[in-house]
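Structure, as structure tokens:
Chain nomenclature is as follows: A, B, C, D, E and F, assigned in order of appearance, with residue numbering initiated at 1 for each chain independently.
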Amino acid sequence: MTTREDGRAVDELRPITITRHWLDHAQGSCLVEFGRTKVLCAASATEGVPRWRKGSGLGWVTAEYAMLPQATHDRSQRESVKGRIGGRTHEISRLVGRSLRAAVDYKALGENTITIDCDVLQADGGTRTAAITGAYVALADAVAHLREKGALAGEPLVQSIAAVSVGIIDGTPMLDLPYVEDVRAETDMNVVMTGEGSFIEIQGTAEGAPFVRSELDALLALAEKGCADLTRLQQEALQA
Amino acid sequence: MTTREDGRAVDELRPITITRHWLDHAQGSCLVEFGRTKVLCAASATEGVPRWRKGSGLGWVTAEYAMLPQATHDRSQRESVKGRIGGRTHEISRLVGRSLRAAVDYKALGENTITIDCDVLQADGGTRTAAITGAYVALADAVAHLREKGALAGEPLVQSIAAVSVGIIDGTPMLDLPYVEDVRAETDMNVVMTGEGSFIEIQGTAEGAPFVRSELDALLALAEKGCADLTRLQQEALQA
Amino acid sequence: MTTREDGRAVDELRPITITRHWLDHAQGSCLVEFGRTKVLCAASATEGVPRWRKGSGLGWVTAEYAMLPQATHDRSQRESVKGRIGGRTHEISRLVGRSLRAAVDYKALGENTITIDCDVLQADGGTRTAAITGAYVALADAVAHLREKGALAGEPLVQSIAAVSVGIIDGTPMLDLPYVEDVRAETDMNVVMTGEGSFIEIQGTAEGAPFVRSELDALLALAEKGCADLTRLQQEALQA
Amino acid sequence: MTTREDGRAVDELRPITITRHWLDHAQGSCLVEFGRTKVLCAASATEGVPRWRKGSGLGWVTAEYAMLPQATHDRSQRESVKGRIGGRTHEISRLVGRSLRAAVDYKALGENTITIDCDVLQADGGTRTAAITGAYVALADAVAHLREKGALAGEPLVQSIAAVSVGIIDGTPMLDLPYVEDVRAETDMNVVMTGEGSFIEIQGTAEGAPFVRSELDALLALAEKGCADLTRLQQEALQA
Amino acid sequence: MTTREDGRAVDELRPITITRHWLDHAQGSCLVEFGRTKVLCAASATEGVPRWRKGSGLGWVTAEYAMLPQATHDRSQRESVKGRIGGRTHEISRLVGRSLRAAVDYKALGENTITIDCDVLQADGGTRTAAITGAYVALADAVAHLREKGALAGEPLVQSIAAVSVGIIDGTPMLDLPYVEDVRAETDMNVVMTGEGSFIEIQGTAEGAPFVRSELDALLALAEKGCADLTRLQQEALQA
Amino acid sequence: MTTREDGRAVDELRPITITRHWLDHAQGSCLVEFGRTKVLCAASATEGVPRWRKGSGLGWVTAEYAMLPQATHDRSQRESVKGRIGGRTHEISRLVGRSLRAAVDYKALGENTITIDCDVLQADGGTRTAAITGAYVALADAVAHLREKGALAGEPLVQSIAAVSVGIIDGTPMLDLPYVEDVRAETDMNVVMTGEGSFIEIQGTAEGAPFVRSELDALLALAEKGCADLTRLQQEALQA
């Protein structure tokens, strides 16, 4: 079996930690760690929905992803200083929001808005998948908060959501890539799945050579395994 | 067999037109039409590369995607007026650039930059896949222009690139969705492939219910068929 | 008689083409061509007026002008990417709007807004005058659309509008300058006129030496001739 | 003869004051007043030219026009706060720069740049024409400063520049419109002329009804008279 | 006693001039001069308050500070051109607003907003303290204007406000620093006080070596003396 | 003695925690906590200095302060999304930078730049003083890193820097205010001091009534006590 720099098996996640209630103000929050990647996820619930949704009886869930300037090896410039959000940030924010919305029954949420912020404190590969995985836990806590307040009619969480990266390095498909593997990957794929094993989002990119169907199949199998593991860790964290 | 509003078979492309040399100034250009979707693709070749690449001997390819305000059913506000590029535009520009770069051997291109602009004049679904498909044709013409000028050492085009959308509507996987189908799709996927049938990019999203593995397989088969058809049409256009 | 590079007489327009209904969604649209200059004009009519005009019973007409990055010989940077609209774009958008508003009886238009977009697909001199000339045709079609819907009380179009450039090259006044003439012009003037031969806007600039009154008179005479020709071509296009 | 609200004849300027050396740091400066319109004009000369002009041996002149927020009857928002310069500001800055550049022989200026700022402290109509008229005086002082320093080879000022507004109110052509007349004008024209009576720029706009050739002729005659008067006042100020 | 370049005693203000009613449109205005520093202060009163304060019965006072590009020795770029307000401008605008608000009883002001603009026409040190001192005079005139219109219930001005800079140069504490002293100061302090001698704001910064308590005491004593002098000059101006 | 909501004496700091090496990439970092206020401070050292300082042989230190959107009780909008940095952020970033620069001998630092980011993860009053106090620790670690690499000639840290807030609540001067006290404070002061007890910066503001000299003296005494305590805690952290 291929050995990885950190000694993991090709289908093994990095050490995953989910620390709930990391913040005092947000209705739900956690610090999620995929190895050295650390993402602070915070979910705030507010009454009301955006204007275009008012009076519909339906809720709304939105997300923003960002990175602290010193999260990366070399300090990056703040987007607030540049005066504009970069394409990568936009893209990931949209992905996180879309993924979390798949977990939610808007009718049961009622006209409440949940905003989820995923701020990368330290980046070592897989920040978007860690963000989605942690965001689900923060969302679950924010929903629980609304439930306790009696602000909900039914159960807005219809399924859990987790995400993981997979990639092909030197011809070998591998699960949950840290930065050193990510930069070498020929193909890189992020997969978002439900706790029951269906797909929410697949984003696969050939970084080097194009990939063929059999490689795609191998990557999907690894992702299924990884998301199942993450789902279990989310459940444990939420029951703690 | 399911009938579609426009009478097509589920695995049939809309009428595709690729009109080369639509512009006089750009080194390569075409107007590509997927049904009523019209995208003007223009490729300009300039000597030199961005600063971070200087002296490497390698070329560069970049792309920008945008939509005219009256391309859509309801007029949309110009991004130049808003003062910022939206997330969707950023995301698609990055996708087009990434896809086209997969076609190119930077070493053979030498220190030249090709910039490809894909401006949607009319939108009726599938604008990003039409853009990629047309952009490849414009790129090929711009490369030919460089070759005629004697600015190239070898052959920078290592493979052709085409893209198509697929989706599940009322449980049926279908190829090349116009707007009326796109808004109803439960799952929506954009697939970028090489002329030889390998994958460059897969982006699949569950818009409604999550999708399962067998559905994913059906969508991939349709995409393979559609990209093969588009590859043939590109070749015909380039040989005309 | 002075011969021009393209063989035209000094008081002769370039070949003019006005192709109506170029777009499917806009209520009025045309592709207008002044020689190699191509401008896509689209007019959309929406109910209601801007806030400051509400309840007045009066309509509103506004315009935006822009250029695709590869419309020019050397690719220009997108204003959406720069994050700000340049002075030239602002200036021309204001000119087009002002000119078109001269055609309209706001009372007869009622509380409807017509937005006209003029996007230059290819630039070869005279883009602003082509834009105004084409915009009038698109406006006329959008007004006709409102009339068919029964959304109008009277006739909002009180006169037709056309525009042309004139200039002095090597001491000779000439009509409708393409780019090669425009860059050499000592004086450059854009004239907007009604179909009945009155003036809406005159913008004359000494690019080289100042100009004297007799030169101004000669330019105005050429502009009157050119606008009369364009008015006839607009009428033919609208009756087609 | 028509009487105007302020008792002036139709071909009479408002009281004009040009106070030179209003600032201590700028190489040339004046406060120019056209009645209650007050514009602070400052010209600074710096060695060197913009990058695109380096090594040409030619100088450069540029201008910026702006308005203080409380210059107008109702306070207007600062453009620095809005984060973008409005179309009107852009347009006038370009007009002032273009007009002043007509006064200058770039070769005699050598590789020096003169930047002229025209800041409207109080607005009562005719701010752009006051700005141009005052800017010429500030420019002349900045050029004199360069001459004293021995930084010039020849005489960069080839002609003087002045500007005035004219308009038609209730059918009567009038010179130098204050705000109360300007808002009522059917036609509004700004004319920039050389001290010798040639034209640099004409910008005429039909605000209400279109204007005919005989009206245009009457306006031009008034502008010629007004610019001649302003030229004399500039000369007196510069000789004081 | 230390002699200063301009011959002043260490506890002596520069010549101070306050010229009221400098503008015709603003409800209150003055040109305030601290030596060669010239700041145009304008206060406009409008009915109504910002949204977050509506229905409270309370008024609002806000301020904006800015500098003309040629106010300084070397021309600085306009913030409107840069597209963003710099940190220094933001900071001083906030300081001026905060200081002026200390003068006001919001209840007596009623739901009126007073906006104060302080535009530096020429800068020679102490622009922020001149701005605050002049802004109070403009504010007093705008309040008087509201009183005359009968728009006030009681007396909104509860105390007068003045400000002065102090600093340590070559070990000697000095009052009201012009630019040449300011750049050499080891410690620089701006002090805002009421007419009755209490403190509104103290901002002291060690530019070179840290400062000790006894130095701080000496600076505060100078500031008390300077603000008392300025208060007297404000009263004289307002009674003129 | 006045009792405070959290039981502290008026001259007592909240529990202070300084956790060094919180991040893996930054050359120096710590999580500093003042009660529930948590600020992540990261210092990165890079070779070279900004352009205006090149060739001087001197180093540079700069700082940026920002707040995560969910740091506060109610979620605040991201400044990157707004597209501009707010006045408060600008002001505090400048304060932190200025304060830290007082600790540094630029000559001994050599042409190296240290950038310090202070990101507030949770806000409960005193975020800017916690930021400065933690930033010094991160700076010290980054300097140690440069020393180990042999990139320094001498000792760039000439003194340590700490900061604390003080205020008057119900007439009683108090040290280190949490949010609940801060909003009620009549006077609010932030004091930055060296480890040896000299002043770097004093910023005092009357939020309600103006404050008198004796109150100022009492606040300064509290600040001296608080900064001395913080200096001791910094030393303990750096020796751990």
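As a convention for this text, a residue touches a chain if its C-beta (ideal position, glycine included) is under 8 Å from a C-beta of that chain, and two chains touch if they have at least 3 such contacts.
In UniProt terms the chains read A, B, C, D, E, F = Ribonuclease PH.
Please read all numbers here as calculations on a predicted model, not as lab measurements.
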item: Intersection of contact partners for chain A and chain F; value: none
item: Labels of chains that are neighbours to chain A and to chain D; value: none
item: Copies chain C and chain B - interface residue numbers shared by over half, same or different; value: same
item: Recurring contact interface, reference A-F, options E-F, C-D or B-C [over half identical by residue number]; value: B-C
item: Of all other chains, the one whose Cα centre sits farthest from chain C; value: F
item: For chain A paired with chain B, centre-to-centre distance based on mean C-alpha positions, whole Å; value: 28
item: Distance from chain E to chain A - Cα centre to Cα centre, in angstrom; value: 51
item: Chain A: positions in contact with at least two other chains; value: 83-85
item: Chain contact topology (line, ring, star, complete or other); value: ring
item: Ordered ring members, chain B first, chain C second; value: B, C, D, E, F, A
item: Chain C-touching residues of chain D, taken from the complex the two chains share; value: 84-88, 90-91, 93-94, 98, 102, 159, 189, 193-194, 198-206, 209-213, 216, 220
item: Residue ranges of chain D in contact with chain E within the complex; value: 23-26, 29, 36, 40, 42, 44, 46, 64, 66, 68-75, 78-85, 89, 115, 117, 119, 121-122, 124
